[in-house]
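Chain nomenclature is as follows: A, B, C, D, E and F, assigned in order of appearance, with residue numbering initiated at 1 for each chain independently.
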Amino acid sequence: MRALVVGRWQPFHNGHLTIIKEIANDVDEIIIGVGSAQKSHTLNDPFTAGERIMMIIKTLKKFGFPYYVIPIRDIDFNALWVSYVESLTPPFDLIYTGNALVRELFEERGYVVKKPKLYNRKEYSGTEIRRRILNNEEWKHLVPGEVVEVIDEIDGENRIKRLSKKDYLI
Amino acid sequence: MRALVVGRWQPFHNGHLTIIKEIANDVDEIIIGVGSAQKSHTLNDPFTAGERIMMIIKTLKKFGFPYYVIPIRDIDFNALWVSYVESLTPPFDLIYTGNALVRELFEERGYVVKKPKLYNRKEYSGTEIRRRILNNEEWKHLVPGEVVEVIDEIDGENRIKRLSKKDYLI
Amino acid sequence: MRALVVGRWQPFHNGHLTIIKEIANDVDEIIIGVGSAQKSHTLNDPFTAGERIMMIIKTLKKFGFPYYVIPIRDIDFNALWVSYVESLTPPFDLIYTGNALVRELFEERGYVVKKPKLYNRKEYSGTEIRRRILNNEEWKHLVPGEVVEVIDEIDGENRIKRLSKKDYLI
Amino acid sequence: MRALVVGRWQPFHNGHLTIIKEIANDVDEIIIGVGSAQKSHTLNDPFTAGERIMMIIKTLKKFGFPYYVIPIRDIDFNALWVSYVESLTPPFDLIYTGNALVRELFEERGYVVKKPKLYNRKEYSGTEIRRRILNNEEWKHLVPGEVVEVIDEIDGENRIKRLSKKDYLI
Amino acid sequence: MRALVVGRWQPFHNGHLTIIKEIANDVDEIIIGVGSAQKSHTLNDPFTAGERIMMIIKTLKKFGFPYYVIPIRDIDFNALWVSYVESLTPPFDLIYTGNALVRELFEERGYVVKKPKLYNRKEYSGTEIRRRILNNEEWKHLVPGEVVEVIDEIDGENRIKRLSKKDYLI
Amino acid sequence: MRALVVGRWQPFHNGHLTIIKEIANDVDEIIIGVGSAQKSHTLNDPFTAGERIMMIIKTLKKFGFPYYVIPIRDIDFNALWVSYVESLTPPFDLIYTGNALVRELFEERGYVVKKPKLYNRKEYSGTEIRRRILNNEEWKHLVPGEVVEVIDEIDGENRIKRLSKKDYLI
């Protein structure tokens, strides 16, 4: 059995890792979709798809389970989205999502959709982690060590801080 | 004389029907543009272009007047929009719209633009009808019977309710 | 039962009309997709979607059967095409096509695909009709009278002749 | 040395002109990018790219310095934007911008980014000028005379006023 | 009076220059559209829009007449093309083109279209110049000196030769 | 050191596998780009990106080396392509390609480009394998066993045969 889980992973954090590991117990292979792949360099979506893929693959390397990581860009045409995802991924049997739209689109196509269990949602949250980075608060304990390394390699903390500078409109 | 009227028809309701019938008295043929054709499965735009076309055609079948129903997607390039509409439709002589942008774009191209008369705007309103569906209030008397049938066939009430579920972000 | 038939209708001719009328005998409603809707003003695709829609609707007006005419643009992403068509049209039960790709895409999605019977393929052919227009040969007996009227209204014969002029490259 | 400066120029005003003239003192050639080129006919972006280009070229004609004016549409893919700009313009050595995102994208690619000095930001502001046009207040002293001429030629004051009319939704 | 002339200018050569100078005698301002702006790095279209703009502007600097240079990308939707060009350029009164499609599209919109006079078409031809570059034959006398400089600056001769290398498919 | 190799992998065959294994000896990590990701269901590009990714990942599972598989769609804008690839992948140090255009684009951006060594090019070729499938000749010994399994699972042999059927144009 193969399952799909789609997220933005901005960045990939310990809550994500726990979810992925639990799904890995239930299925044979996981397809990890990297959503909004075309987005980067904003406060909400600071990391490119390539950077997010690197975070995920470096983190999961040490766990033995089989998985695929696939970037998926937004197409702004909801009625095509399921077909779009299907064309980019191996066939899958069920989807894990907490997003009402994704659930609706897949259920209308006859897929089984499950809700992943969340842990410590207040801290294990991309929004919270980006907020902490911006405010020089502790954040590194909320993500896997490999994600810290990737963010360091691309100077991600400073990217977020620079992007938050007030514009100076000409 | 041929007239164009563009709306989103989310869903097609009795106010729409009254407008269409009045325009039908004034012109030989009506072109009904289904705007934002690429949108569906959101609370604001729950129905696909195909579903909306079906509502309109089933409703108008019993009236004898000639009309065309054409899906028109957003192109996010206002200066091209009039040409885009012209390329998809038979030639037309005047436009009925209450939208300031549509009026401006067509008037700059030399078209005659008229305002349709509205009836009972508080209830005959897509926003109001979607709100009632969401809140389990009466709505079926606000739309033609054929629209009720289409919404039933596609399980539209539940689609809207499911799309309103709070997200559960991973 | 509702059937879909997709063509380019460049222009709509007597062979097309015979096919549509035969399908109308077999099903309750026909959806006529106007393919390559974004194309016009070339020797292969001289007429806009709007012009082709006008040809079809004017021709079919006198027959009583119910139908929909929907423009469908090319999306150059075969794996999305079936979903794209589904989003723009009412639900349908079977497809009539002689195109191998369209057949494959719909059959992989579980649709029933039928081949329409063709009549006098040598003359009832868009290619042949465009060739005759270009060479000042007889063509008007190959299309319905309403199509002659539309082509006259838009000065279509001269459009085709002008488009065939040799380029004079700067 | 060649410098790039990107703005929306909705419309081109005296503050813009001062900045351009100062940059012209520092470099050999200026490339003036007309951003959001696809936008027009909204209250925030009333003028087409063609109209904005005309404002700039007519204004700068009397100054002797060499420059290029290039329309640049939004591509909604930040990681591609620098390459996109590079493909449309002559090579440049530095960028003038006050926008945090533009700064970040170009600095990550190794470009030198400078902040232009602003003058009288409260009045020399596109937002303020559009607000004044809408409210029938004095605005013509805030833009070069050539810009007044262009806005008059296209009846720009009335376009803005008409676009602000309340919608009358069908 | 303002005239539009659209070409690909791959590269800008002496035949182009003669045409532009003759048009400059007849009109007040010339708009030079750089067509297929998105294309580059192929044997048919080796130069980016930015490189072609640089060729044109450097060459025309020494002639006193006023002109605009505007990149125009292909949109593969003929019925929108005139509006697209209009949105990117100042208003114009006539078009110079030898291309049958461009002539047809503009004439259908009511524009006056003229044919530029060509000189020495066998040698003053982009195709011929690219062929000579590829085969190490003389070509520099066929283009303005400024174009030679631009092609040298970007190492254009070698780009063309490298692009012609036989593929070695994996 | 990380290397990028881009191919269409229609299908992934023994020649591809040999190349990948050799590159794996030279670098720490390989990024395998799946080019023309949007294409499928044609005789030249029969398999979807998802199907090709499955072929690659299933085949490489038994070799220990680290790699990424990333779908990359065509963007028809050569000057953006390097940035596009960079945005979707982890950073890389060199590229393996035999394609002249890919080589040129990456070398102009300062990348090191290498040619992979090819083996038995006549038989280890996607074109040859697709030809054999179409003609009922032996082909399974030319691809890894896992690829045979994927093609069987999706009924790929019959898809290719069905796509080759002569069209029967309406």
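Definition applied: contacts are C-beta pairs under 8 Å (C-beta built on N, C-alpha and C of every residue); 3 or more make two chains touch, one makes a residue touch a chain.
These figures come from a predicted structure and were not determined experimentally.
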If you walk touching chains, what's the least steps from subunit E to subunit F?
-> 1
Can you name the chains that touch subunit C as well as subunit E?
-> B, F
When subunit A touches subunit C, do the two copies use mostly the same residue numbers, with over half shared, or different ones?
-> same
Identify which chain pair among A-C, C-E or A-F reproduces the interface of E-F, meaning that over half of its contact pairs, matched by residue number, are the same.
-> C-E
Could you work out how far subunit B has to rotate to sit on subunit D, using CA atoms and steps of 5 degrees?
-> 120
Whole-Å gap between the CA centroids of subunit C and subunit F | 36
Where the centres are mean C-alpha positions, what is the separation of subunit D from subunit E, in Å?
-> 26
The distance between the C-alpha centres of subunit A and subunit E, rounded to whole Å, is 45
Residue numbers of subunit F (touch at least two other chains) | 38, 40, 48, 77, 79, 86-87
Answer with line, ring, star, complete or other to describe the graph linking chains that touch.
-> other
Could you please write down every pair of chains that are in touch?
-> A-B, A-C, A-D, A-F, B-C, B-D, B-E, C-E, C-F, D-E, D-F, E-F
In the complex, subunit A touches subunit F at residues 37-38, 40, 48-51, 53-54, 57, 61, 66, 68-71, 86-91, 153
Considering the complex alone, what residue numbers of subunit D touch subunit A?
-> 5, 7, 15-16, 19, 76-79, 96-101, 103-105, 107-108, 115-116, 118, 121, 125
Subunit A - residues contacting subunit C, complex | 77, 79-80, 82-84, 86-87
Over in the complex, which subunit C residues touch subunit E? Could you list them?
-> 38-42, 48, 159, 162-170
